[in-house]
Amino acid sequence: MNQLPGVTAAIPRFRLRRGPRPPSARMSPLARREARYGFLFISPWIVGFLAFTLFPMVATLAFTFLNITLAQEEPLRFVGLDNWTRMAGDQHVWDSLGVTLRFAALWLPISIIVPFTVAVGLNSKYVRGASLMRTLFFVPYVVPFVAGVLVWEQMLGDTGWVNAFLKLVGVDSPPSWLFDAGWIYPALILMGIWGIGAGIVINLAGLRGIPTELYEAARIDGAGAWATLRNVTIPMMSPILFYTLILGVVDVLQYFLVPLVLKNGTGDPAGATLFYNLNLYKTFFTYQQMSYGATLAWFLFGITLVVTLILFALSRRWVYYAGER
Amino acid sequence: MESRLAHLRTRRLPALLVSLAFVAAACGPSATASPAGGQPTGGQSAEPSGPPATFALPSFSPAAMRWYCCLGTGEDPTQQPTEKSVADAVATVFPGSSLKFEVVTYDSARDTLATQIRGGNTPDIVGPVGIGGFAAFQGQWLDLAPYIAKSHYDLSQFNQAAVDFYKSPTEGEIGIPFDVYPSMVWYKKDFFSEAGLQEPPHTYNTQYKMPDGSMADWNYDTLKAIALKLTVDRNGKAADEAGFDKAHIVQYGFEPQRDDLRGLGAYWGAGNLAGPDGKTVVIPDAWKTAWKFFYDGMWGPQPFIMTGQVYASQEFNGGGYAFFSGKVAMSENFLWTTYGVADAGTDWDLAAIPSYNGKVTSPLNADSFGILKGTKNPDAAFAALTYLTGDASDQLLQAYGGMPARPDKQDAFFETLGKSDGFPTKVDWQVVKDSVQYADNPNFEAPMPKYNETLDILSKYMSKWTTTGGLDMDAEINALQAEIQATWNS
Amino acid sequence: MSVAATVAQGDQGGARRSRRRRTAAEWTRIAIVTTAFAAVLIAFLSPLAYSALLSLKSPSQITQANSPGLPSDPATFTWQGKEYPVYYVPLPDGTTRELAIVKKGRTASDFIDPANPDAGTITWQGSWRNLDQPWQLAPQWDNYAKVWDLINFPRALFNTVALALIGTIGTVLSCLLVAYGFARFRFPGRGLLFTILLATIFLPGAVILIPTYTIFVKIGWVGTWLPLLVPAFFANAYDVFLLRQYLLTIPRDLDEAAMIDGAGPWRILRSVVLPQAWPVIVAVSIFTFVYAWNDFFGPLIYLAGHGDIQPLQVVLANFHGVYYKNPALIQVGNMLTLGIPVLLFILFQRVFIRGIVITGVEK
């Protein structure tokens, strides 16, 4: 999904490299001077963080214990955990969480495997013109997101080329992609795949970074293509795959802009695109329930936190950082 | 985009608690009443217009105001120049004041307005907005009554009932009557002639001559019988013939008003989801019948209504009103259908709404302008409002295609409307005037608890029913009722 | 591994490969794999072609089932002041002629021969719905003129470019400073602060939206560009992270030498760090620019109702809201919106892709 180019652009290795040891409690004048400069340089972020992140976050958290609505028919008051207990019993919340999780289960593997596979293919010695192809695969990534959605809306329509192609190969009644609850996820996934250009390039760069000696060694050991992929390529690529996975999780849990543009936020067909974040957005903006929306937002934050922490914990088992002993 | 549509069109918002008395009086006989009696006045041209006192705006401090559009119609680029020029004219009419016209397309208009109000960035005037829009922002509207009293605004130019129309029990007087849109049957004459059928009746309480020569009441059974004959597959076979290929229908017999399940139901009978206690969900029986009729028409053995998938297809207007595709024989819809009906060809005309259980119901939409409670300039905003619904109303109504709420303006309105580009030379506009007398009361868009949430639940079920075959409709309706009830209880 | 090395290695790989002699079997494999990839690529890019073609179609073609792929119009014939559609009609004598239908019927219809209209109508038995229509190529270039009139395109483009440029400048400047601070200075709590910085990546935007919006309203910023631009000058986690990681790879020897020469932190940043960091700065700039160009949600909520200062994407989404039932016009809007970024990318693709490699793989 190309809604956050900046996100996929970065592959942080999510490990903090400890810099020089932290200064001791008692600082020399020189160290104090250094610290002053350090704070001076990072001050734009500190100010921005306090004003545009921490304060709103705390305010939102405070909202979850109040009864703020747009109309504010009742006087503003502290309601304790009312919003939280209401959420626990709100079928719409759990339904929408189910939608997001179902979609995530479909999309995440695809969002990791497809760019990886294409990159491995383009890196193969049997492909000519790989760099031209790489460039062309990237083109849809720079298509502004709204335009991309609107192109696909027609492409997947009844007169679009997808169904024209299906009819050509003998499918008499091709699916109504965007209006059938059973086909809307494949449709959204197709749109997502359209934006994998950056993923391909990142994977390609990662593949190029694998020392050829490893492949030589594998060849000498008599490893076939599959074994080489499993034992050399995938472990060497694991930091990149992990990175893609982590940011993919963060993105997919917040996924809603594509259905928002495509379906105008209705959740059609039949509630299949009522994603968690869409429900949250509607609670804020459409239903005008600020406190309840804030509660949903914090719950989402919690889910994101838990999932990423679990992934980090699991990553020790499979992510291999070259150069680390 | 069926879904978008559902929302796009609910926009031409309707009216609450329409009194039949109003409707009959405002749009029926009194349409021919002496124009002098209903002299519209607005702005500061203090013409003598009503018995009690002369309309004169008390002095107010000039203000820079904002006009928020489009919770209803008004976003179309062809309408915007008129709206802008009317907004600009406010500066001339009320020196020192100004009105800034702001368009937020219907798609995001509700959310954006909610956010602006929440953020304290409240616009002054909102419109055009109907009762659906008023209901969606319950509690946010300014009670105009004191301003009407202070300025001696002449409400007698409208029927008293028309004024009551915008009276909210909790919020007071929230709008001044502006325009109304009754519902009719729109049909393609050429399809009837191709099929060798009589055209549907133009007058209410008349009968229809069936192909076998027998006379039948113009009700939904009759409508279905002829809709089947007007539903045609690609081989030219009708839906009631043997060998009909329902997978490849190229022309549909009937299209209901499918923007909103409540509206769809209201063609069978007026009602409201809120029971007498205002807290219990009670689905009117007529609505249940309507929904089953609709569902059976899409998914039954002899389909004559398009499914959601077909409705969304380019071939049938890509989610716009399917009648505009020129491939639908009969469609129920509001008067604002005129905005796009030219696409359907030059062979259409208007007919009476069929009866259900011997009773005819023609759901009504109506628009007005409201002032938000959060305005910092209520006096100036009221002055601007009287201008929009007064002196500027001729221009605006023409741009919106709405039938004026002032009875004396209606004949001229139809005169102009009939000359629209691409319209048939002869359209039976009398049907419109007659239909108003059968307006739904209570109006289907009347307030109910958790308004926006309930709308979303209705729209979810609409989407499910239009896109999924083989459902048990009784179970579905029960599930719908339970889900709305759960939301109301929370 | 540096970018240059990565790219060079790729190239060497290619050179190395070609030195070996290939067998026929290998050539076949190359042909098959390359063709397969090319086919996938064509399918991948086909939506753009589809959009381009659709943008030139007329509404009458779009609503017609089984119409041709190229922009065309069905043939019609005007007779006695009225237009009638023309069909291929198979006649009883075995010939098929192009006739105009004047009266449609379920089982029989009346036609006239455009070549000889005065000969009167020909009644043909059968369902006219089964007949095919002749089509004439007719691209509707007019669609572009229409959309140009409906959207103030130059204005929207200006807004987009201005927003993206200012936002990029703010982001790069502030992130560079912050990254420099994190990479080169020791201060108490640095590790914790950096962790917090990274953690903000995981923060759902919704958690901060409503209070932020409220503040911007209170200070009168909603309806202006300020809510979109000002935060850019206060750094963001992704770009700080990228820049910091890159700065860490630059050896400190030169810093130290400069410091001994009496250079202060500002001068070191300007004359030592900056010259070495330019590849990552270019990369970050490009990505911030693309991100700002594609930003939709921010302008959507902060600029709602202010058509004259909205960027292209919001204008396009609004346009779609009004003209959704005329897909050709929507696709014209799409073409206008995506044309420029795609063109820019094709022109600068080398820099672009290198940017991703830097930001993506550098550690």
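Per-chain numbering from 1; labels A, B and C assigned in written order.
Operating definition for what follows: contacts are C-beta pairs under 8 Å (C-beta built on N, C-alpha and C of every residue); 3 or more make two chains touch, one makes a residue touch a chain.
Because the structure is predicted, anything quoted here is derived from the model rather than measured.
Among the other chains, the CA centroid farthest from that of subunit B is the one of A. Taking the mean of all protein C-alpha atoms as the reference point, the chain centroid lying nearest to it belongs to C. Of all chain pairs in this entry, the one linked by the most C-beta contacts is A-C.
If you average the Cα atoms of subunit A and of subunit C, the two centres end up 19 Å apart.
One simple way to say how far apart two chains are is to compare their mean CA positions; for subunit A and subunit B this gives 42 Å. Centroids of subunit B and subunit C (each the mean of its C-alpha atoms) stand 38 Å apart. Counting partner chains per residue, subunit C shows two or more touched chains at residues 62, 65, 210, 317, 321, 327.
Listed for subunit A are residues 157, 159, 264, 281, 284, 290, each touching two or more other chains.
Residue positions of subunit B touching 2 or more other chains: 1, 4, 107, 112, 115, 118, 314-315, 318. Those residues of subunit A that touch subunit B in the shared complex are 70-71, 73, 86, 89-92, 153, 157-159, 172-173, 176, 178-181, 263-271, 274, 281-282, 284-288, 290. Residues 1, 4, 8, 68, 75-77, 102-108, 112, 115-116, 118-121, 190, 194-196, 232, 234-236, 238, 250, 314-320, 324-325, 343 of subunit B are the ones touching subunit C in the complex. Taken together, the subunit C residues at the contact with subunit A in this complex read 1, 6-7, 9-10, 13, 17, 26, 29-30, 32-34, 37-38, 40-41, 44-48, 50-51, 54, 62, 65, 67, 69, 174, 177-178, 180-188, 190-191, 193-198, 200-212, 215, 231, 233-236, 238-242, 245, 248, 265, 283, 287-288, 290-291, 293-294, 296-297, 312-313, 316-317, 320-321, 327, 330-331, 333-334, 337-338, 341-342, 344-346, 349, 352-353, 355-357, 359-361, 363.
By the touch rule above, subunit C contacts subunit B in their complex via residues 59, 62-65, 104-107, 127-130, 150, 210, 213-214, 216-218, 222-223, 300-301, 304-307, 317-318, 321-322, 324-325, 327.
Listed in rising order, the residues of subunit A touching subunit C in the complex are 2-7, 9-14, 16-20, 22-23, 31, 34-42, 44-49, 51-53, 55-57, 59-60, 63, 118, 121-122, 124-129, 133-140, 142-148, 150-152, 154-155, 157, 159-161, 164, 194, 198, 201-202, 205-206, 208-209, 212, 240, 247, 250, 253-254, 257, 261, 264, 277, 280-281, 284, 290, 293-294, 296-298, 300-301, 304-305, 308.
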